[in-house]
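Quick heads-up: structures coming right below.
Consider the two complexes below, in which chain A is the common component and chain B and chain C are the respective partners.
Up next is the complex of A and B:
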């Protein structure tokens, strides 16, 4: 009995125990975190760790699969890289020429480049790496015939047809050059051994990639010693981790994060327009959008400025054509936007035979009912709701369906549809040949069904001539024609929102989004930077490099 | 022994059924796995040639029964195949994520029971009292609060304001507390209500009256005599709550950045990554069947009167 009495449990004891346990847990977590959590973007003994949080999942080391990810971190480099004005510039190749028939390209390799394993960048290494790239799924559509070495420093690429966009395609992650030591005996990539300012250190699949600075990089050694790429799939969590200094940069935030980032002293928003659009794809082969007037009516009925202001936190801007003119010279500067004008829209619908009825217009007794399909990314559902409301003002009856990407893709390619709201990058390789994917009658991946002989002819010619002026003239004409025919209705461009630690300077975002260029970052405040963030906030010098940085602090 | 064998045979049949069902459902879902995988890999729209090459390479042009048979034969041989989008083996992807999920499930279950049993007992001992009302109100709140909301709330209060725990991530014990509390609190509400009800029933039973009339102290009556008998249905529900853990884990794993089975499955479904969908559902099926088996075996320990058919003798 005595022992039992001693062992009995009182409620108070239970509570005490639980509280003690919780405090204990909290206590040990506090101490165990200290080293880790306060280390964000600060230099302790000249060791700087920088953590980037993104929604994307590192699930492969192979550049053919997740090359774009290692390219963004600048672990691997291709022969050609994208410049800040969305044009091409020399990467591992110091320059290139084409033969007279435009079928053979000669890329001269840059001198004095070595891989992270210390071996030099040789013609043989480049040829082996490129051959593997061009044999892969992701580059299967390029008309590359052969890759071979020519002498000490030149790599020759032959194409089956003249293909002017080749250098732009060579900026893509999967074409990055990796060393022989990247592979195991079976040819699987065990570590991407590249040439960039950061070198691969370790990874935890699905969670993070850790890279360290490359001390023998040919350019300036990065200020960051350890660069960690973390997958944080939830937008809100990414922002909270940045606020709590568990990240130093949080990418792909929503527009609503800007005010939070402005309110906190230790973080800042960086926003920049990218050549990425939200747009409507019309089924030009089935009623009602087989009629150009109906497509134009939509363009006049949608108030793009208002959509940007009301549902996108002012982050657009409203689109005129496929390319944003502030970002790339490939945009046709003479394009006339469709002004918001419901009266014109109504007139166009009447001209097309759609007569006003009670709420919904009718033609031959059939109501003007359309389906609008979209998927949940980049605020597309809410933009679609705004479009739905605006179209109903001029007599459309729009039913909005949010599906997943794959479903729309399959259905739009296999059955008649009306309208699809979509978003993607117009220049993920920096060449206007991207227009082929949108409006070529046969090679388009977008499903409008648009066919125009003149457009096809211009797109084909523009691939064959290498002179930039000649090409631009043709792409300008293509842009004018599709502006007139509207197989695709450009609504808004996309502005990226990135949150960064306030001590970071020198971050200049690349509009094509292909590389973060974190090797250019610097940190002011020196040691203990994040502890003295309020002091730093006052003497932060204005930095010309920051393009659209929100500096206003409430 | 015969009982166990019988159970194992049913298990295999159940898993076969589960795999056929998932296989047909994924096959019926619109969306081309080739396109989805290539978009996931490259981050942009693939060209027609690329899609054709991919379909060819992964045998996606074969008719459905052939694909299922291929998969089933490989699986029986212990090979779950390779993910379409990451090109890793399904087994290694599961291997990377399973520990995170097991850790979270176990921790949240511990928290749920640690809250629920004392709260339920306290309510039952004095029904209608203040403790009872407080516990019932707490249970209502716990059941009603959506996981993601509680998750953010805990992050803001415990991580940002009080600075007790990190916001998200995985690794240390400190990373586990907030997600486990998030997931455990909802479960604890359900279990606490159940403990209260069964305790009330048991406390009315004649043997409890006997125990009291022997002059045993109330605490011994409650904890030694009543609680053990009241726990039988609780074990069942706690076992079934495992489905809740796996469901909730999808949200909690995303909010707290803990890559586990839940997020793996959801990502795979969106990417039409058939081998991964198949592998994970099969594993979840195995976990369910084994848990149910474990629950049945626990009964017999808690109440020796329960015979092998799982009914009181």
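Up next is the complex of A and C:
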């Protein structure tokens, strides 16, 4: 450098300098060896920006369409919310009661709540918002007859039949309460004006939503000033952006990201069990899976533990029934898992008439060839490949097709299929009535075609009683019956992997995945760290057992 | 037959023709490199799978993501399968597909080009407008659309690639035919009362072979890239088929922890395309300097 000053700057020198500068810049934009963070959560006295990267695409502002997204960000709030035990707790309603015939529900509104536009949360506003929700397609399956106001603080919802899961359905994004000012003259939502700790600021369709903290929130004001929700569809890109401090939180990462996150000083992984399963849906109306023995043979032929330990990096665990018992009390604790036992699987296939042949079993000259359809999310393709290989060990010839999510839904609902590998949350509204979506003969949205009168009867009864014990008894029986009949083969539960900036504290992931609760976050080294730490404690769940920081280095 | 042979346009002994091809292949160092790469690839595809001790689809979950070692020279993948074995089987698949698709493109394109160029008139007009339409679309995008509509499978990828690629052959063959058909030996043959089929078969086809072979050689690399690209996007080979593009796509999730999963198929695809392109370029320069301008335009 000194010599440079003493002579004329030639073109070559200029180029050298520019190159060195570029390399230097490139080096600075990453993370230096001592772990110093070049942050995007720019912490100044005035402004803290926090960016969340997710695979999902913000393509609508209307809570009826993308309510779940604004619910996750806590821009909008419903009357009821999900708690850390995957159960319901008061949201905008401070409590609720039902009439003796269980047809009328009275929700008492919380005091002192105002919308982001400053208007108070009134019975009229709630009734108008809920009427719009219940008139929409997304909630059309609920037996809600009418919504009306009763006095100053009570909203009445009448149902045509007793419907115990109603409070759980009221946690869903589309039932969130938004103010009149959210709509334009034609009734389209131009900005979701809710009541949450963050308020909508702007969006770029398909790319990002920007929200800012709500200064008049009834609870503690968030430590985050600007919260950006960014769509980054590719897992690896999301991870890289987090490492390069272009994101402060990367959601829905794969299990293989954990070691990478542990190796970097500026980020860390948070893993938590969720009531979500990976499962096989059988077409119970066409051969070969119209035979229960063949479905059971699959359950014995698949080594679920091994799949979890290997391709899922230990993130499962292996599933027994629909609900993971570690996350929810609705799981039937007495269910017997199908142990991995290829010999039993072979025997069951032989009993069903599928005789051993060279590689593939045969029945009446027809080979045991099946199609396995899946889509590319939640590690489903690689789990499917492992299942494909394990089924071939007992004499299936499985051809695997990775297709579009929508194509599978369309085809499985309209034509005969064999086997579909799917993943879904079993409690995205926190009520075991979700089983209706899986195994009810008429109301199921999963396409197994399973029909069992006793299951239908139990599911209907369980909707009509409100006593939790009574309901659990029925749902336990449903779980036992479907464990025996296997219209759906539960393979593994899901453990979510979220990468967060190492400076973030106070992140408690909610098992139902319905809300990120980023209003509770704080930052190490933040000026108000100590004072908010105490305040935050009130907001946090007493049981942080779902949270498991993989900080231990190998 | 003997009379026909005596009358055929280029009167060269067979040995001389082979020598010409050999000379073409060894003119420059780059062409030699290209020819070497292509030969090596064919050797791997033909003999590799037989030599490899592993089954390309056999999973060994206890040995997943193992780094390259003596037992597994290119490591194992996310399901414990030997990457080298899968690459070798994939080479057979990729080369097979590329040759098949190129053959279809070449046959269809040559037929259309010959007819258009020789018959002329409204037939030529109609065929060439069709060719223009096809050439107006970017090939890979059109193939993406076709494969997307047909549904994910390797056969559909082959159909899609064949459908979009024949137009350049038609254009090339037509222009060659237009110049050759005015040559004196063609006129002489027609004056002698030879049939159209005879003129086509004995005089026109042999004279358009060279540029077509050059284009086909260049095309093979493109088809391999196209197949890998469409498979990478999930439209092609379905698991556990060891197709290079599919291997690349599924290895992408392990880019940070298991570099060999992406690099092995990636480098092989690159070398293959590089080899075919070098070979094609060399052939073009050596065989038909007068035709190179046509090819350049395509």
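For this structure, a couple of remarks:
The definition used in the following text is that the second predicted complex is superposed on the first by the 491 of 554 C-alpha atoms of A that agree within 3 Å, B and C clash if a C-alpha of one lies under 4 Å from a C-alpha of the other, contacts with A are read in each partner's own complex, and residues count from 1 in each chain.
Definition applied: a contact is a pair of C-beta atoms (placed from the backbone, for glycine too) under 8 Å apart; a residue touches a chain by one contact, two chains touch by 3 or more.
Model, not experiment: these values are computed from the prediction.
In the superposed model, A:451 makes contact with neither chain B nor chain C. Of the two partner chains, neither chain B nor chain C is touched by A:481. In the superposed model, A:60 lies in contact with chain B only, and not with chain C. After overlaying the two complexes on the shared chain, residue contacts for A:465 are found with neither chain B nor chain C. Contacts of A:388 after superposition on the shared chain: chain C is touched, whereas chain B is not. Judged by the touch definition given at the top, the superposed model places A:154 against neither chain B nor chain C. When the shared chain is aligned, chain C comes close enough to touch A:259, but chain B does not. Touch counts on chain A: comparing chain C and chain B, the chain ahead is B. Look at A:236: by the touch rule set out above, it reaches both chain B and chain C.
Touching of chain A by both chain B and chain C, each in its own complex, is seen for residues 236.
Those residues of chain B that touch chain A in the complex are listed here as 29-33, 35-36, 38-39, 41-50, 53-54, 57, 83, 85-88, 92-93, 96-97, 114, 118, 122, 152, 155-156, 159-160, 163-170, 172-174, 177, 217, 219-220, 223, 254-257, 259, 263-264, 267, 270-272. The touching residues of chain A, counted against chain C in their complex, run 235-236, 239, 254, 256, 259-260, 306-307, 309-311, 376, 381-382, 384-386, 388-389, 399-403.
The residues of chain C lying in touch with chain A in their complex are 57-59, 61-62, 64, 78-80, 151-152, 234, 238-240, 250, 252-257.
In the complex of the two chains, the chain A residues touching chain B come out as 4-5, 8-11, 14, 18, 25-26, 28-30, 32-33, 37, 57, 59-60, 62, 65-66, 68, 137-138, 140-141, 174, 204-207, 230-234, 236-237, 240-241, 243-244, 246, 404-407, 409-411, 424-425, 428, 437, 443, 445-446.
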